[in-house]
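Think of it as A, B, C and D in the order they're written, each chain with its own count starting at 1.
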Amino acid sequence: MIDKQVPDAAAAVAGIPDGATVMIGGFGRAGQPVELIDALIASGARELTIVNNNAGNGDTGLAALLAAGQVRKIVCSFPRQSDSWVFDGLYRAGEIELELVPQGNLAERIRAAGAGIGAFFSPTGVGTLLAEGKEEREIDGRRYVLEYPIRADFALISAYRADRWGNLVYRETARNFGPIMATAATTTIVQVDEVVGLGHLDPETVVTPGIFVDRVVAVGERPWLRDGAFVGGVDLEGSPLAASAEEAS
Amino acid sequence: MTTRISRNDLAARIAADIPEGAVVNLGIGAPTLVANFLPEGEEILLHTENGLLGMGPAPQAGAVDPDLINAGKQAVTALPGAAYFHHADSFAMMRGGHLDVCVLGAFQVSQNGDLANWSTGEPGAIPAVGGAMDLAIGAKDVYVMTDLLTKSGEPKLVETCAYPLTGVGCVSRVYTDHAIFDVTPDGFVVRELFGDNTVASLEAALGLSLTPKD
Amino acid sequence: MIDKQVPDAAAAVAGIPDGATVMIGGFGRAGQPVELIDALIASGARELTIVNNNAGNGDTGLAALLAAGQVRKIVCSFPRQSDSWVFDGLYRAGEIELELVPQGNLAERIRAAGAGIGAFFSPTGVGTLLAEGKEEREIDGRRYVLEYPIRADFALISAYRADRWGNLVYRETARNFGPIMATAATTTIVQVDEVVGLGHLDPETVVTPGIFVDRVVAVGERPWLRDGAFVGGVDLEGSPLAASAEEAS
Amino acid sequence: MTTRISRNDLAARIAADIPEGAVVNLGIGAPTLVANFLPEGEEILLHTENGLLGMGPAPQAGAVDPDLINAGKQAVTALPGAAYFHHADSFAMMRGGHLDVCVLGAFQVSQNGDLANWSTGEPGAIPAVGGAMDLAIGAKDVYVMTDLLTKSGEPKLVETCAYPLTGVGCVSRVYTDHAIFDVTPDGFVVRELFGDNTVASLEAALGLSLTPKD
C-alpha cells in the first residue's frame, strides 16, 4: 500500500540538511505552508537557500525562518513589501544574499526543472538589468534571453486536500506556486487541511498528481474555513479578523 | 499651470477605452482604480497574475478569505465564470500574448515605448520586481497610467529612460493627468488633450517634440 | 455580455481560409472534434496544414478530411496505425507532406507557442534522425536539441462542457491535446457536449480558461454517455458497441 | 538451442522486479503484458502518456468508454486515486524524470545502451515515432523487453545499432527470453541466466563479449 502520510510536521521535514535548497510555496501569505516552516525552524537546519515569490511577511512563517538566521540566500521576485521588515534588516546588514528573478521567469524556470527542459528563451526582462550577462537571441524578430531551470532539494507546499497517494487539490489563489514547485524538487513535502480516502478526489480535478509528492501531513482545517465563515483567522496584514456578525451579536 | 484631471477621472477615462469582452490586468497601485469605473453591465474580465481570471471586487468586511487575494495581496472575490490556475499557467497566459490590455504605473516612459517602473536605481534600495517585467511584455496593449510630471516637476515622458528599464519598446499608450499619448514609431503622438492643455504647453513641460494627432 | 456560442458547426468553422494551419485535437479517436472536422470538410478549405498527434483513423473525422484532398501537409507523431489507410495511400502517392515530431516535443512545442517561449532545449530525440540539423547543446552534462514553437491559425478541439465565456472541462483521456492547442492558435474553436450556465463550472476545476477560446458550439451528448451507460456508441475501431447487458436481456 | 522462456514468463519476471509504489509506463506491444503479472494487493501506478496516471485494467465488454484509452488506443479503466492531465503535463512528467520505470520493446539495443525501436529504416516505410523517443529518455530506469534474436536469428543486442536510434545511452536493463542483461559502462553484464544458458552460449549467439555478474 502506498501511503505518503506522515504523523506530524516534524516528521514531514525530517532530513532537510544544512545547506539545502528549499522551495517554499505561497504568494505572500496565501498558500504559505506555515506549519511546515515552523517545523523547519524547529529542525534547526541552517545555511538554507530558499526559493519563494517573496521574502516573508510580518514575523511568522517564512519571515520567522529568516529571523532565526537559518537562510543564507533567497531567490524571489518581490522581497520588498510593507511588512518585510525581517528581510529588509538582514539584507541591509549584509546577512542574506538575494537573487531577484522576474515572477514569470521564476515560475517558468521552476516548471522547466520539473519538465526536464534544459533551458528556454524568454522575452521577459530583455534589455533590463535582470538580463545582464544572460545569453540573448532574436527569434522571428523578437528578442529573448536564455533562462535555466531552478531545482530544489526539497519543496514545502500547502494544498487543501490530499489522498494517501499524494494527489492534491488546492483552494483559490493559494494554488499559486504549489503545483510547479511540487514538480521541481527531489523531495516534495505537502501540508493539507485534510487527507481524504483514495478515490474521494475526482480524477478530473486533481491538480497535482501524486507522482510529484513524497510526504503529506494533515494540519487540520484552518480556523477561517470553519463552518464556511472566516472566524479566528488573520487578515492580509496578519491582524486578527474581526469577529463575524454572529459571534459579535 | 494647465488643467490636471484627478486620478479618479483618469481611471474613468482609461476604463472608457476598454471594450466589453477584453481581458485586462491592472497593475498594483493607481491602475487598480480603473476597476471602479468599468461600465456596469458590461463583461470585462480581470486577470490577476497570482492565478485568477474573473476577479471580482473586494469582499464584504468580515468575509475576507485569506486564500483569495490579488497580486497586491488585497482580499478580492471571484465572479461566476472565474477560473483558478497555477503560476506557470498564469504567466504563460501573459507572456503568450493572451491578455488584451494591461495598465501599469511608471516612473518614466520613453518616446520609443521603453518603460521604467520597478526601480529608481537608488543606492542601498532593496530591489523588487514582482511581475512587472512580465506584465510589460505580456499584453496586446500596455497602457501606462501616470502623472505627466513628478512631484518635483520632472517630466515622466522622456527621450530616454534614466531609471532601470522594466521593458523595451513595450508601451502602447500613456494616460496622464494632462493628456493621452500614443507611442508610435514617430515618438509620442498626442491623442487627447484635457482642459486647456495644448501640444505646445506639453512640449514646453516635457522638453520633447510631440506629434499632434492628425 | 460575452457569449462565444455559435449556432452550429458550420458557423464555428467559418472563415478558415485555404492554406491555413489548423490544429486538431484528439489522440486517435478520443477527443477528436468530429463535428467540426465534418464542417471543415463541407467548407471546402484546401491546402491545409494539419497539426494532430495522428493522421486519421478509419474513414471518418480527420481521415475523411485527408480523403477529401484538403490537406497539403500534416505535422504529427504517429501517422502509421492499423487503420490509417487513407493517410498511407496519400503518403505513398506523394500527395501529402509529413513532418514527424516526437510526441512530447510536439506537445511542448505547442505549449511553448501558447506560453510565449521563443524556443527550448529538449532532451528528446538527441542523437536521432529527428534531431538532424537541429541546434544541439550540452547543459549540465546532458545533451539537448533546440525546439521551436508550433503555432496555428485555428485550433479545432473537443471538450466536455463549456460556459458562454469559453471555460472548458474535458472528459478522461479525451483531454489530451485540447488544453495546449487552445493556447497556441489565433482562433480556437471548441465543440462540447453541452454549454452550461455561467458559474456552473467550478472555478477550481476549469482546465481551459475562457481567455483561450473564441467560439463554442454544442453538438449534443454523445450517444455512449446517455444515462451514464455506454450505449449506441462505437468502439475504438469505429464498430458499433455491443448492447449493454441490460439492453441485451 | 538453449532455453527460451515464454513471453508471459518474461513479463512475469519483469513484473517481479518492479517494487511497490513504483510509477511505471508500459510501452505498446509486449510490454503491456507486464501489467498482467504485477503482484495482487501491491500498489504500482501505471502511467499512460495520453494523460492518465493510475490506469486500471481493460473494461468489461459492453462498458467500453471511447474517452478512456491507453497509448495503444485500447480501452482501459481508471483506478480510485487516478488523475487525468493534458499532453504537455504528461510528457513533462516523463521528460522531467518522474517515472520510475518504463518498459519498451526494441529492434536493437547496443552495449552502450542506445535503443532502436521506432524504425527499421526500410525505404518506403511510413515513419511513426509516437512517444517512443520521450519514453526512452523519460524514466529513471528504462527496461527493454525483447527476444535475444530476431526470427531470422540475428542478435538484437549489438555492439552498435544499425537501425535509426530512438535514444542514446538510455537503456538500463534488457530482459530477453534467454537472459537478463544490465547495461553498464563496461557493456552488457549478464545479470541472470534462464535455464541452460551460459555466458559463453550467449557470447556465441551474440558475437559480443559479455561480462558475468560478479
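As a working rule, a contact is a pair of C-beta atoms (placed from the backbone, for glycine too) under 8 Å apart; a residue touches a chain by one contact, two chains touch by 3 or more.
It should be emphasised that the depicted structure is a prediction, and the values quoted were computed from it without experimental measurement.
Engineer: What are the chains that chain A and chain B both touch?
Structural biologist: Intersection of chain A and chain B contact lists gives C.
Engineer: Between chain B and chain C, what distance separates the C-alpha centroids? Give it in angstrom.
Structural biologist: The mean C-alpha positions of chain B and chain C differ by 36 Å.
Engineer: Hey, how far is the Cα centre of chain C from the one of chain D, in Å?
Structural biologist: Taking the average C-alpha coordinate of chain C and of chain D, the gap between them is 28 Å.
Engineer: From the C-alpha centre of chain B to that of chain D, how far is it in Å?
Structural biologist: 54
Engineer: Could you check chain B for residues that touch two or more other chains and list them?
Structural biologist: Answer for chain B, listing residues that touch two or more other chains: 78, 84-85, 92, 94-95, 138.
Engineer: Which positions in chain A touch two or more other chains at once?
Structural biologist: Counting only residues that touch two or more other chains, chain A contributes 108, 111, 115-117, 122-123, 170-172, 204.
Engineer: By the touch definition up top, name every chain pair that qualifies.
Structural biologist: Result for touching pairs of chains: A-B, A-C, A-D, B-C, C-D.
Engineer: Within their complex, state which residues of chain C touch chain D.
Structural biologist: These residues of chain C touch chain D: 27-31, 53, 77-81, 87-88, 91-92, 98, 100-108, 110-111, 122-130, 143, 170-180, 207, 222, 224, 230, 233-236, 241-245, 248.
Engineer: Which positions of chain B touch chain A when the two form their complex?
Structural biologist: Touch residues, chain B against chain A: 48-52, 61-70, 73-75, 78, 84-88, 90-92, 94-95, 114, 119, 124, 126-134, 137-138, 164-168.
Engineer: In the complex, go through chain A and note every residue touching chain D.
Structural biologist: Residues 1-2, 111, 113-117, 163-165, 167, 183, 198-199, 201, 203-204, 206, 209-212 of chain A touch chain D in their complex.
Engineer: Quick check: in the complex, which residue numbers of chain C touch chain A?
Structural biologist: 108, 112, 115-123, 137, 139-140, 142, 144, 148, 169-172, 202, 204-205
Engineer: Across the complex, what residues on chain B touch chain C?
Structural biologist: 20-21, 23, 43, 45, 47, 53-54, 78, 80-85, 92-99, 138
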